[in-house]
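Please read the structure below before turning to the comments.
Residue numbering begins at 1 within each chain, and the chains themselves are lettered A, B and C in the order written.
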Amino acid sequence: MNNLEQKIKELEQRVDLIETNQPDDKLSVVVFSGDLDKTLAAFIIATGASAMYDEVVMFFTFWGTAVLRDLKKKIKKEDIMAAMFGKMLPKGSSKLGLSKMHMAGIGTAMMKSLMKKKGVMSLEELMKIAGEAGVKIVICEMSMNLMGFKLEEMIDYPNLSLGGVAKFLQEAASSKVSLFI
Amino acid sequence: MNNLEQKIKELEQRVDLIETNQPDDKLSVVVFSGDLDKTLAAFIIATGASAMYDEVVMFFTFWGTAVLRDLKKKIKKEDIMAAMFGKMLPKGSSKLGLSKMHMAGIGTAMMKSLMKKKGVMSLEELMKIAGEAGVKIVICEMSMNLMGFKLEEMIDYPNLSLGGVAKFLQEAASSKVSLFI
Amino acid sequence: MNNLEQKIKELEQRVDLIETNQPDDKLSVVVFSGDLDKTLAAFIIATGASAMYDEVVMFFTFWGTAVLRDLKKKIKKEDIMAAMFGKMLPKGSSKLGLSKMHMAGIGTAMMKSLMKKKGVMSLEELMKIAGEAGVKIVICEMSMNLMGFKLEEMIDYPNLSLGGVAKFLQEAASSKVSLFI
């Protein structure tokens, strides 16, 4: 009898540990590229997942950080090289180009026109829906620093924070699905 | 005694739930890029996984959908912009270029020649093997719609279907490994 | 009583199996691209993970293999096409370009200068730290063969080996997180 109780206790401890280590019903996405097409794919996956999974976290890093700049927010940059980089990079979602067939903007304009015609949501609409659906956005601090971007020039978004690679790795470790886009 | 039975019952329910939530021995791959090199990588991983995992599902989206067009199948497009887009995108696996060093086709031809010489399977051979090995292909409906592609112009493949982002997210949630290529 | 013992035994077997199938605290990364920015991202994630996870494995394939060439090691190539390919591809980490805004090397030089100024580690420093932290590197045998690279021309790295797609799929199947970069 004591023996059985002991065995059950051991099993309970093992099951406790398994439950603790189980991933959450969560999607983690790294948005590295600042291309229109890849960013669209990231937000289509993220908004889709917000309806099916418990939690969705998007990490914007490198070129991806430029996607989140707000065209209307103007800030002064002291650092000359950061100012130059900031000018060369697309200022926000409406200025992105396709990773292929951009063709000096013609291909990108064609794609946007096609999307409208076919009833596919624009990137701006997807970002709005993502915000409303509780999709979390974390912007890579190191990339912001590198590109010379400041939090004040980023879009207004319900659930936006700064974070590092450790934040991504922590979320990914407890996610069912992790993608690098 | 009752107490022990109760504890065992509770444990059984917890273990049931854990088993239900366990991922399948499955690989889900998003094939976003229509580049020769990345599509090759996707099929090398997919055919490799078909021998080691229980199930492999490939989701073709955006530029990736152009990979699956059949050069020999001709269909009339009513939509002018869709027809233009269709003409500009590579028609099938034999027309893809490298993501790097394409060099107006010279680099791509060199790579194909090198692959042949070194005994690396061509994309067409890999696709055939994937089909025979039971690798499932899902083509993104929204992308097909956007690019103006029709199911009738796609390759003959044993296990091909149309699907949306929800289908990918459902498969990924129950996959051991998910990749975005 | 016998009945309870039987039930406990069955539960133990089910929990054994669940534990066996649990992923390790491990990250698997495919480094496909030979771009400076993406390779930096891969090593920032890998070195970050080496401090948080039990194990990190990086698989270098296709263009990624060129990253690992050692500028100082010279070997003779018999195969003319392999020799040509070898000349055209970047020779090691210091010769990589950005995936965007490379601008004939100006953008890449600007980025490297910015990284230095902002105290972001260079790729070479990250690779050194990765090696010291026990991050494993596996180079894709097929890609080496295709590009005409030899193991003798690769960098000195504490934990470097050759492997195929099966090695990646095996590691990924037992990893918490798998990424394709």
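Methods note: contacts are C-beta pairs under 8 Å (C-beta built on N, C-alpha and C of every residue); 3 or more make two chains touch, one makes a residue touch a chain.
A quick note: this is a predicted structure, and the numbers were derived from the prediction, not measured.
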{"item": "For subunit B placed onto subunit C, the superposition rotation in degrees, Cα atoms, nearest 5", "value": "120"}
{"item": "Interface numbering overlap (same over half, different under half) for subunit A and subunit C", "value": "different"}
{"item": "Geometric centre distance via CA averages, subunit C-subunit A, whole Å", "value": "23"}
{"item": "Subunit B residues counted as touching two or more neighbouring chains", "value": "4, 8, 11, 15, 18, 178-180"}
{"item": "Complex contact set, residues of subunit C against subunit A", "value": "4-5, 8, 11-12, 15, 18-19, 22, 25, 27, 37-38, 41, 44-45, 48-49, 51-53, 99-101, 107, 110-111, 113-115, 117-118, 120, 176-181"}
{"item": "Sites on subunit C touched by subunit B in the complex", "value": "4, 7-8, 11, 14-15, 18, 21, 23, 30, 32-34, 61-63, 81-82, 84-85, 88-89, 142, 145-146, 148, 164-166, 168-170, 172-173, 175, 178-180"}
